[in-house]
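Labels A, B, C and D are assigned to the chains in the order they are written; within every chain, residues are numbered from 1.
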Amino acid sequence: MIPASLLLLLLIGGPAFASPPSPPEGIRVLDTPNDAGKSLSLVWKASSSDRKDRSVQVWVAESPQAAFQKVAEFPSNSRYVKIGDFPWWAQPAGKGDHYFKLSSSQAFPIDNGKPYAVKLLIRESGQEVWSEAAEGVAAPDYFNSSQVNNLVFVLAFTGVLLASIAAARRNPHVYLRRIAGLDAVEEAIGRSTEMGRPILYLTGSGGMSDVSTIAATVILGQVAKKVAHYETTLKVPHRDPIVMAVCQEIVKEAYVEAGRPDAFKEDANFFITDDQFSYTAAVDGIMLREKPAANFFMGSYFAESLLLTETGAGTGAIQIAGTDSDHQLPFFVTTCDYTLIGEELYAASAYLSREPVLVGTLRGQDFSKAFIMGVLVVGTVLATTGVMLQTDAFNYLLDLFRDFK
Amino acid sequence: MIFLKRQLPLAITFVMGVAFALQYYIPHPVSEEAITKVSDWMKIISGFALVLGIASVFHVHAVKIRRQAPGWGYSGVLFAAIVVTMVVGFWSGGESKVDGGQTSFGWLYDYTMVPLQGTMFSILAFFIASAAYRAFRARSREASVLLAAAVVVMMGRVPLGQFLLPWTWDITQWLMNVLNSAVRRAILIGVSMGSVALSLKIILGKERSYLGGGKDQ
Amino acid sequence: MKDFARRMVAIDRRLIFLLIAGATLLPLLNPFGLPIKVSPEVQAVYEYIEDLPEGSVFLLSFDFDPSSKPELEPQAVALLRHAFRKNLRVIGMTHWITGTSLADGVVATVAAEMGKERGKDYVFLGWAPGGYALIISMGQDLYKAFPSDYSKTPTRGMPVLEGVRTLRDVNYMISLAAGGAGIEMWYVFGKDKYRFEMGGGSTGVIAPGLYPFLRSGQINGLIGGLQGAAEYETLIGRKGMAVAGMDAQSATHFVIIILVVLCNVFYFALRGDKGRPR
Amino acid sequence: MSEAMLPTEVVLGAWVATGLTLFIYSFLYKDNPLFKLGEHLYVGVSIGYSVVLVWYTVFKRLVWEELNRGNYEPLVGVVIGVLILTQFFPKVSWLSRIAFAFIVGFGSGVSIPRAVSSYILKQIEDTVNPLLTMGADGLSLGLDLASPQSGVNTIILLVGVVSVLFYFFFSVEHTGPGMVTARTGIYFLMIAFGAAFGYTVMSRMSLLIGRFRDLITFSGAAYGYATLVLLLITVLSLAGWELAVRLKGGEE
């Protein structure tokens, strides 16, 4: 039912022009899928006469009998459903249909559970035509089905992770590749022994809850074992008393394992200060005075990295770094001889310690990485083939790896 | 007691973790309300967590002063700075400005904290220069590539470089948008898998270091 | 040659410190004013603001503290000048507790200069704890997340916030970030869910890491470092702190490049002399 | 520079700010007491500032005022928050674990689906693109390097992402085709690190420029030549300290 005043307007404005625009077809009003409610979705068929200067107005009312109110206006050749807007398993409209989301607003509030009527008005150069009215009810949803791929991904990853941790518990000696920087450790220690100079090992600025610090202490254990074997001096200056206590235990144990408990010295680990630049200045002092033949920088670092490695490079020491602090990595790479980059640090600690949880996590991530690499390559090939063959068929697969809201 | 000390925290972690991971997939207002409520509590809890951090700094320096460890005088300076700032802050009612005029709290912030924080990291400019001269060597093919890219970007990102060698601007644009994006994206995917794995292990009780290495573990 | 190289490598590093100080100081005292080229990343932010209708809601989050002031303050000033000139409604806030007064000062100064009124044309909400939890509560109810603004005026009923209930009512949001609690957090917990358009401004250090988000459209533009700020100042036609600093920036970059080149010349000259065999 | 008289507190502020800036810069000479003084002041003032802001924003605004309004929900947050503080009392410190469990559990749960969405799926989505485009004149491979979305750049991006992912893949040896991929990955990494390097240099230099600008402003007559006078004082004190250390025969 069109309000009388509008009808009047139509009668006056209408007849001056030739053929009036055709009304939009197939209009449907749905509850917007996968949302928190208070919103309706409008779908209608595209028409061959859609163009920029023909506009569509959306009118809405609390019932077909009530007064309609204009809530939106846009050109008729917009608001099409495109590939990527919705996943194929949760599509409110077909490709090429028009789609408009009508949200609750101050001008026109929409409540859940109440029916609303919607009509479209097509206007072109003064001529107007109304569509049929359609009704719909808004409701909140309990599951966002367009994110089901995300959920599947999380569940699958959980499964892979648990399985690989369980596998690593049965056999912690699964294959992991050698890491280049680790091979250099032996060389560095050998050289220190030859030159009769100490080895300096830093565990970074993180506390014991930091993953990279834990990795650094694991690697320290292996370095200490080799040091004990070669009878070289090890120096580990600290910034955190707790990390120091942990490292003391680790080094002592390493000497025992190497069969040289007698060679262990309590003062290999020592605390300097907790503040960043004073610690750096002190470590630089050690480098300049004692001229260690090898410097190890493992763990997480901040701005002090450059000050440390620059001084170390000046003394001619072999420098081996390993950090996940990506903002410092460029400096380590240019000033050190070997650098374990990011995840290589964790891998190195898993490789050396053979701790099942570490090894299992690494393996689990590797499986998932391989899967993602496969998706990237195969996906690109399919997408390209899709363009060549002019088909959307591959989107059934590609949609699985898109992020939908 | 063992239950309260060990099982209960693990159970809470599990329940909270699973509930709020699933929350993401539930658009219903009830789920939205739940996360907002808990977020509001989290805001207050973060306030307390800050107190914890501050208190531990207090503790470290108090011990230093008590033992008269080397440099304990500086810990005294630190304490004095905390106390003065707090007194001034409360006296100004926590406001840096009142009716357009600066309070003493605002003054303290503008003329001590701003220059101190700003200067702390600007000294690195000097150390970069010195490292550039003494340590940034093309000691391997990888390092040479790195340095070459760095030089191009340093040129392409400043007007003088754009003026002298206009192509550095185009190369920098391409390098940032394509090569750099590719690497950063790969790192992002890798690191995110690592963090998701860590979160999963925490929720499933395979990773417990966050509970601290207390004596009764 | 080797002798010379050896002596050059061993020079006191404090000489280099003086060199870099000089390269900064001289262009600041005597600017030479080279033209500035605008990159598409910065242009995108500018154009989005330029196309916003008057009265649109613009949220600017100052996610930094004084240690990044020289880079991000000029960005903030340029963005605010542009927003105020376009008569947008500006909401300022911060996630970084130690940056609060700084941010308040920047907003107040630019507003005064552009003749804008607190509470009517703009509001500075200040800091609240929680990080991502704060964004989640702002997405549900802005007035609960910030019951009052930084100057302790109740936010409810403020003219500038009329019709703004949650983050969903924000038209454009920019986070000026110096670290993790910034652009990425705003995207993941804010834009992703509440669907406002979002751009970013960042320090040079973290800018390269944000390019994947720029490519994928997760942010629509990116202003990187002082250079980015200078580009923005050029776009709005009001040269300020950033443009003034660009000559010094150019000079220091060239000094660094020359130092790197010298370093490698000496390194190759001396290689195999006393260095390790490789 | 205007010669108008500035308010006393501004001039005083300029002197304090300049002095502190120079104290920090004295580290360039070597680690010394002036620098340590500046460093500790910095930490102290930051902490004091945070305490005041937390007090007013959290305890007053979010807790106290809400309670007065009859809203008792914030008490849940307060209770959990207090549990954190039990860390300081060894007998009951285990209670803090309940609080950490709450925080860490919530944080982990909230982050998992979001990380998958924004950092994994979204990144995959934007990497998987058709290499060819269908234009008016049939299929074509965009060769424009300057356009980030062109076909050739899509290929480069794909190669980069895959090879870097492969470099961080630890279950196969880097030999044969694996070695080629890993080498490609490492060169991609180095170029990105180079870019990061350039940007970091840019950033640090900007900070220096910012500080120098302030120092130049404060060296003006309106501020009583603060920079110049304080520079002299700083240099003299460093010299004095150096002398004192040498006389004592101690080594730094």
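Here is the rule we use: contacts are C-beta pairs under 8 Å (C-beta built on N, C-alpha and C of every residue); 3 or more make two chains touch, one makes a residue touch a chain.
Bear in mind that the values here come from a model prediction, so they are computed numbers and not experimental data.
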{"item": "Pair joined by the larger number of C-beta contacts - B-C, C-D", "value": "B-C"}
{"item": "Chain B and chain C, separation of their C-alpha mean positions in angstrom", "value": "17"}
{"item": "Euclidean distance of C-alpha centroids - chain C vs chain D, Å", "value": "12"}
{"item": "Chain A and chain C, separation of their C-alpha mean positions in angstrom", "value": "23"}
{"item": "Computed distance of Cα centres, chain D from chain B, in Å", "value": "6"}
{"item": "Multi-partner residues of chain C (each touching 2 or more other chains)", "value": "17, 20-21, 24, 67-70, 97-98, 100, 128-129, 192, 205, 208-209, 212, 215, 225, 227, 249, 252-253, 256"}
{"item": "Two or more partner chains touched - positions in chain D", "value": "27-28, 36, 39-40, 43, 46, 49-50, 53-54, 57-58, 62, 110, 112-118, 120, 122-127, 148, 158, 161-162, 165, 168, 189-190, 192-197, 199-202, 205, 207-208, 210-211"}
{"item": "Touching two or more other chains - residue numbers and ranges from chain B", "value": "21, 24-25, 32, 35, 38, 40, 42-44, 46-47, 50, 71, 109-110, 113-118, 120-122, 124-126, 128, 130, 134-137, 139, 142-143, 146-147, 150-151, 154, 157-158, 173, 176-177, 180-181, 184-185, 187-191, 193, 196, 198, 200, 210"}
{"item": "Topology of the chain contact graph, where touching chains are joined (line, ring, star, complete, other)", "value": "complete"}
{"item": "Of chain D, residues touching chain B in the complex", "value": "9, 12-14, 16-18, 20-21, 24-25, 27-28, 36-59, 62-63, 73-74, 76-78, 80-82, 84-85, 87-88, 93-94, 96-117, 119-120, 123-124, 126-127, 145-146, 148, 153, 156-162, 164-165, 168, 185-202, 204-205, 207-208, 210-211, 214"}
{"item": "In the complex with chain A, residue positions of chain D that touch it", "value": "27, 30-31, 35-36, 39-40, 43, 112-113, 116-118, 120-122, 124-125, 127-134, 139, 154, 158, 161-162, 165-166, 168-174, 189-190, 193-194, 196-197, 200, 252"}
{"item": "Partner chain C, residues of chain D touching it in the complex", "value": "28-29, 46, 49-50, 53-54, 57-58, 61-62, 65, 110, 114-115, 117-118, 122-123, 125-126, 148, 192, 195-196, 199-203, 205-213, 216"}
{"item": "Chain A partner contacts - residues on chain B that touch it in the complex", "value": "21, 24-29, 32, 60, 71, 121, 124, 127-128, 130-131, 134-137, 139, 142-143, 146-147, 150, 187, 189-191, 193-194, 196-198, 200-201, 204, 206-207, 209-210, 213"}
{"item": "Chain A partner contacts - residues on chain C that touch it in the complex", "value": "163, 192, 195, 205-206, 209, 274-276"}
